[in-house]
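Have a look at the structure below before the remarks.
Lettered A, B, C, D, E and F in written order, each chain numbered from 1.
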Amino acid sequence: MSDPRLSELALDGLWKNNPALVQVLGLCPLLAISNTTVNALGLAIATLVTLVVSNGVVSLIRDWVRSEVRLPVYVMVIASVVTIIELVMNAHFHSLYNTLGIFIPLIVTNCIIIARAEGFASRHGFGFSVFDGFVMGAGFGVVLIALGALREVIGFGTLLADAEQLFGPVALDWGIRVLPEQMTFMLALMPPGAFIGLALLVAFKQAIDQRQSRRARAARGARSGEPTAEVAG
Amino acid sequence: MPEARATVSEGLHGFHGGLLLDEHKAPACDRPVCDIPLVEEYVLPLHMHIGAPAIPVVAEGDRVRRGQLLARPDDFISAGIHAPTSGVILAIEPRALPHPGGLSAQSIVLKADGRDEACEPLDPWPDYHDKSPVEIRSRLREAGIVGLGGAVFPTAVKLATANPGGVETLVLNGAECEPYISCDDRLMQEEPLAILRGAQVILHAVSASRCLIGIEDNKPRAVAALQEAIDRLAAEEGEARFEIKVVPTIYPAGGEKQLIRTLTGIEIPRGRHLTDYQMLCLNVGTAASSWRAVVDGRALTERIVTVAGGGVHASQNLRVRIGTPVAKVIEAAGGYTPGVDRLLMGGPMMGFALHEDEVPVVKATNCLLALRPVDREPPPTPQPCIRCSRCSEACPADLLPQQLYWYARAQQFDRSHDYHLFDCIECGVCSAVCPSHIPLVQYFRHAKTEIWSQEREKVKAEHARRRFEFHNERIERQKAEREAALAKKRAAIQAAQEKKAKQAAAGESEAASADGEKEKSAAGMSIEAARARAKARKAQAQDPAKAQDRRQASPELGDDAGPSGTPPEGDAPDDRPQDDRPGGAS
Amino acid sequence: MWMAILLAVGLAILFGILLGLAAQFFRVEGNPLVDQLDELLPQTQCGQCGYPGCRPYAEAMAKGEADINRCPPGGESAIRNLSDLLDVEFKPLDDDLEVQEVKKLAIIDEEVCIGCTKCIQACPVDAILGAAKQMHTVIEDECTGCELCVEPCPVDCIDMVPVDEGVEAYRFPMPESAHPVATRGPASPKGTLANA
Amino acid sequence: MTEYILILISTILVNNFVLVKFLGLCPFLGVSNKVETAVGMSLATTFVLTLSAIASYVTHAWLLEPLGLGYLRTIMFIVVIAVVVNFTEMMVRKTSPLLHNVLGIYLPLITTNCAVLGVALLNVQEANSFVESALYGFGASVGFSMVLILFSALRERLAAADVPAAFAGVPIALVTAGLMALGFMGFAGMVSV
Amino acid sequence: MKFPVQTSPHVEATSSVSDLMTTVLWALVPGTVVAVWLLGWGVLFNVMLAVGAAWLAEALMLWLRARPFRPALTDRSVLITGWILALCLPNLAPWWLPVVGAVFAVVVAKQLYGGIGYNLFNPAMVGYVVLLVSFPEAMTRWGAPIDGGAASLSLTQAAQWTFLGVLPAATGFDALSQATPLDQWRMLVTHGGEIRGVAASVWQGGGWSLWLNLAFLAGGAWMFYRGAIRWHIPVAMIAGVLLMSGLLWGIDPARFAGPMFHLLAGGVIFGALFVATDPVSASTTPRGRLVFGFGIGVLAVLIRSFGNYPDGVAFAILLMNLAVPLIDYYTQPPVFGRKPGHATESVTQSRGES
Amino acid sequence: MKGLELRRVVITSVILAVFFGLGVGFVAYTQQKTADQIELNRQAVLLGQIMEVLSGEDYNNNPAEDAFILPNPEALNLGAPVIEPAPDGVLPDRVAGEALDRAFSAGQVGFRARHDGEVTAVAIPVVTHRGYSGDIRLLIGVDTEGEIQGVRVIQQRETPGLGDKIKADKTDWILGFSGRSLGDPPAESWAVRKDGGRFDQFTGATVSPRAVVGAVKEALIYVERHRPELFGRAAEASREGEEHE
């Protein structure tokens, strides 16, 4: 397979083929862990690291594994990476580790990771694979953090509260109050709020895309002189 | 005459749902049927019945006389067409049809000469009792008799399906449940004997033992007239097979299955024929015209048409020759009133709107309804279904129109099947009661025709696939053969020739292996080349300037195709799968 | 630590043997999905989808490489059926393909035809009859309207004409409604088959 | 006995895997466009989840715990589950093409789905016994199947709705899932397991 | 002559959606009047705020979606949504509570699905449940009925409380408020006590819930008479409530409240007549409606008896809304000619033999 | 079957074994490196919780390591035991690590704070079933005088936004118990205001505070009643504590 362009890869991971918004993968952690920005950040970083490392490792070993054991080996690689991350987090970010709970080991089954390992890293070189892991992880992470921020602001009225869990004592006063406590909408913190919050993000992206393609069509139409039907949203 | 009602018979069974409608039968049902004058031109679509279009037996310029066969039935399910008057065949060409889609189709155009000469009638059979059912059926077929109740199904075929199991009960459908229409009513009032005689013919043809006549209770005069005729027959001939059943006026009491259910309590499921239950159902008009065809030998060239609605001056029933342009019929009924903006063929519930009035009256035309805006409220804009279930409560087929609508709208046709779309009789009741004013029936028609079309496409696709595979195989085989032949030649024939042949073959196989993918046959190559060219042309077509030099470019593009050693394609058809077109709406 | 590695290696060997044997014992060939997909394509073999014929397109879809909205002759209903089979969202025909409104049929102008047989070679379903140097005709019932024969003709004598499908093939239109059907609206986000 | 029933009620309704615990969401969203596929997926998931709950219990209780290798559970579970599923898939494909037609295409999808690993890990966390573990897995998958089928039927009904363009497709499905979760909040507190 | 065409049937429309909705609106009046009388002006403010907010939210969404205002705003369904939501809210609710609920109901539960007819869930109940889980404090501001409670606030006092959060000097909030009977029952169960006493309190306290329920019944009768609702859902739902609560009560009368208590307390009657009958989100087949209503009744009692929330009717309705497509599918009435046990079979058989 | 290809099977297994071994090796290595830190963290968490309720007290042992099985746990509504106590009610040795965590969250163990081996306070769990939804678990620190050092909610499922204000991270309400004892306020005032007591309730939520107040009161009574077992056996317990080391 020919090597892709880095800029295209980046655009793909962050926007066009965003794992969370477009492929709609990795939803479980996305919804479960996005009740605060800091939790989201923590999981985003863990996922990103896993993606980068597993993509890199898979790309390195891709010539050594036969097709029938490919999947087990990849799963194994990912599981090892995740377990190592889990242990490290347990040791060094203990309170975050406790809040993320079961969703750290569950990074293993985050479909994005196996999808990238299978779909990308097993066919591309180390550098590309690592880069792909990075942008995909970043694409996922950005959405995770955005959702976390959204839910935290609406549900708690704060932003970046408890940052010290992740960044240590320096971050003790990072948290800010955005909304007064009386104006918070607790639904955002509950399961329905998670679903609806993600729905809003995906809809937001779709709206932008639709707007762009409408523009593009209008531009094309203008060039060929055809009248274009305005599409009502 | 809405005040007077006939007494509803005892022991009826009724059906689910239905609708009470304003009847609007007067004044047409109070006025005698009139004839209308000859017109100059008659248009006879070859396809005005269910089944295959008829095949013309006359040519342009032929002189014909009234009753003469113009087109013969093509298939088993088909019906003949006869000249409504004497004249000259002007043309056989596509003409506008009375059709909801405003389509055109091949029609025979007859220029009347005004003399209205009759041709020799078919052999009259006053004592048809000697004739076998087969003979009677072939007579009905010859005379072009089709059901006049709306479905225009060839009556001979209907009788033929009846024969294997035999028929016990003949049901004459005189319900005429739609508002405005009164052609059957008038027929029953004016010619009760013709109907009864016709029924006798059919009773004989299917050896049935009784005949029920279902009439809605809003036609007391028809009931009285028929009863009198029955009594007379009973007195004169001891005829005791007839019985009138007066049914309540609930639309669609005249639907065949609804009528049967009302009369007998039996529900005929879809996919079953009445004849599976030893029954047969005919419209009263069909019975009358059958009588004329068998006993008098007269073909079906005219029918009674109700012209009604606020859009015409004189609502009345007219005896109209098939093929008469609708405009002339309206004229005969006094012409349009000002403000008319809709012309329907059929009743307000099941009829469809005509695009124009130049279309001819066909055998199915029981009513021409001209409406003004004041005759109905302006159609409110449809709103989304609120699932109030009024439609399902009213549906005479016990369907769930709201669900059907939903899935038709979403184009989830397999779900439409789950909800029994094809049991819908398109009676329009659901649309009429819908508080959201959704044109439900239209959705169902859309879904049905869409499904049929998909089925046709599927059969076609299957056919094309077989052809394509066959094509590939053939090319493969020929290539192999040619190579074998070339190899032989190579040994025997001169070096020069050999070289030439080699080049050709080599060129081809090289190309074939170039892509390295499987099954890249010569066929594949040529098709792909064609594809590439088609693409190029498409690209050019978008750029008119380039399209200019397309002609010069193409021959060169085409030159690399293999030598024209392909044998004539005429050999192929033996292997070609038989043409199996799917049946359409039948 | 060595305990862990020992356990891992032991299990791995066990599983390796299990899977290795199973892979050989339970081997099955073929991919029924391709057949099912192929069934749903119109078999026009026109190549507009970008694949050389319908089956290759079906194969590509089965592999998750091609989107379901690339076949213009199949139109909306084919896309709908494909989306049903693969359980992905319906999406309208790809923007860069042209929708085919009417079915067409090739007609050879018999006056002009020089009998070069080039069209015969191009036709994927053998719908053209004729021998070298003789006038050719298209068998109407066989022609799928793929237009592949048009271009090769050196004298440009093949025209594509709309098919008259007869009254029985009339399709009632979907009622015009104040409320457009959402699924026909702008494309929903692209979901590849791989994540179906 | 009551305890077992409570486990089932808890996993199916109160702590529904999809709507409350947020596990198995990818297939929940991905395989719910049509009722038929949802039914297939449900059957397959029920099978795999129960099986993997058992397999992972065995792995944990008989292998990892005695050896003091509890920290390896993620790796071991995922591998054992992958192997078990893979093996069953191959076997089913060979022995019963019919069953494979119903379940087959979903089986590989399920291996990489949180619910499966989640069941295994949660069983360890809750220190469930063998029977409890199996029931937990079964209950979780029944809960999953139930909401999946309900959801797919709802989504079919959505197909004709006039959803705003930006919300067409995934977003409105997510909103629907959210409102489902809202309804399921009514079960909160029913069982304290 | 050419004519414009239109599809059949070509008969006059007999009814319209707005007629239907108007019937429901009128049917809500008696219950609302009684509620204002019993529970004070707060109820009226709730209705006005919720209806107004719902209407504005609908208008705004229609504008955003570039849809015509005409049929959607005049069909009056959105007024029902707001009104029904308002009748579920506590009489001492702050002003923003009905507003937030109505906006959420209309925007998320209705307009995101495409507006009237397309929503899968009952918008009013979505709004109510969202408020319940998000603002439990505000949602428990129930003032005691008539004697000495919230109803004794004058119009201005009530307005001051609703809009400004200010109470007359002498009255504390705790003096006005009182747990609802369902809540009292729950507390008794958790703290041990006589259930019988609570059941009686429903009848005492001026028998207020009885009057309210009678008023709703009157409205329901009007809707039934006008054909806006069918009997299936209310009857089945009440049967579900009575059966399920009777069952539990029979098992342990000390722990579970009796059927009459369940029937009269909380929103059972109101829900059965006005909410569960929302045609859009309910089942549409006759048998389906029986299943739907019965399910709501059973679930409501279960949630009341075992769940965290004192009243389960709203949750039960949402939960059964979920199941509607499946219920509809499996409760299709037998199609013409396919009725089981119908005489056709025997005829077919005799035909097959001949 | 076209003959078994054993070679393939072997290769498959070997590949799997190599990668599996390598992966697990790395993990095991990491585990070794992090194990101590993880154990420290775990203890720190436990200790943190205990220290919160022992805030005012002066002690110099590690209470987290000074766990003991509560005598007569029924009095505190505690559920079924997760660990079997040794016959004399002494904590079995192996209860450490995760098992201790479990015993703690099940509310089966208490902790002692000592100053130079002398027990100065205990942190004991209490459970109430009177919460609005489900049980509320509390940890209460009481010193030898019977004065409350601190109360914290360990586990609760009260309605978010209403009953959950009993949690320290939502409101300061629960801090109001510090310094109180059975006599302060007098026994009849150990109730929420609505019931004529001294403690505030929340608007719209009386049940949860009422439950907590009741539970704290019960715990104090319990401490009073079991004073000897809780504080008296100081010497014995300290000996065990040393054995743990």
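Just so it is clear, contacts are C-beta pairs under 8 Å (C-beta built on N, C-alpha and C of every residue); 3 or more make two chains touch, one makes a residue touch a chain.
Since we're looking at a predicted model, the values are computed, not measured.
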| item | value |
| --- | --- |
| Maximum centroid distance from chain C, chain identifier (CA atoms) | F |
| A-E against B-D, pair bridged by the larger set of C-beta contacts | A-E |
| Centre distance in Å when chain E and chain F are each reduced to the mean of their C-alpha atoms | 44 |
| Chain A and chain B, separation of their C-alpha mean positions in angstrom | 59 |
| Whole-Å gap between the CA centroids of chain D and chain F | 33 |
| Distance between the centres, which are taken as Cα means, of chain F and chain A, whole angstrom | 36 |
| Residues of chain D whose C-beta touches two or more other chains | 26, 30, 71-72, 75, 79, 83, 86, 156-165, 167-170, 172, 175, 179, 182, 184-185, 188-189 |
| Touching two or more other chains - residue numbers and ranges from chain E | 7, 64-65, 67, 71, 108, 114-115, 118, 130, 133-135, 308, 329 |
| Where chain C touches two or more other chains, by residue | 4, 7-8, 11, 15-16, 19-20, 23, 25, 27, 84, 175, 178-183, 185-186, 188-189, 191, 195 |
| Chain C-facing residues of chain F, complex | 1, 4-5, 8-10, 12-17, 19-21, 23-25, 27-29, 31-32 |
| Residue ranges of chain A in contact with chain F within the complex | 61, 64-66, 68-69, 72-73, 76-77, 79-80, 83-84, 87-88, 90-92, 94-95, 98, 186, 189-190 |
| Sites on chain D touched by chain C in the complex | 26, 30-31, 33-34, 37, 63, 67-69, 72, 75-76, 79, 83, 86-87, 90-91, 93-95, 97, 101, 105, 158-163, 165, 168-170 |
| In the complex, chain E residues that touch chain B | 1-17, 19-20, 70-71, 75, 77, 114-118, 230, 279-280, 282, 284-285, 328-329, 332-339, 342-344, 347-348, 351, 354 |
| Residues of chain B defined as touching chain E within the complex | 15-16, 21-22, 100, 102, 165-166, 179, 257, 261, 265-270, 272, 276-278, 327, 336, 341-344, 346, 348-357, 369, 371, 376-377, 379-381, 383-390, 392, 396-400, 402-403, 418-420, 423, 428-429, 431-433, 435-437, 439, 441-442 |
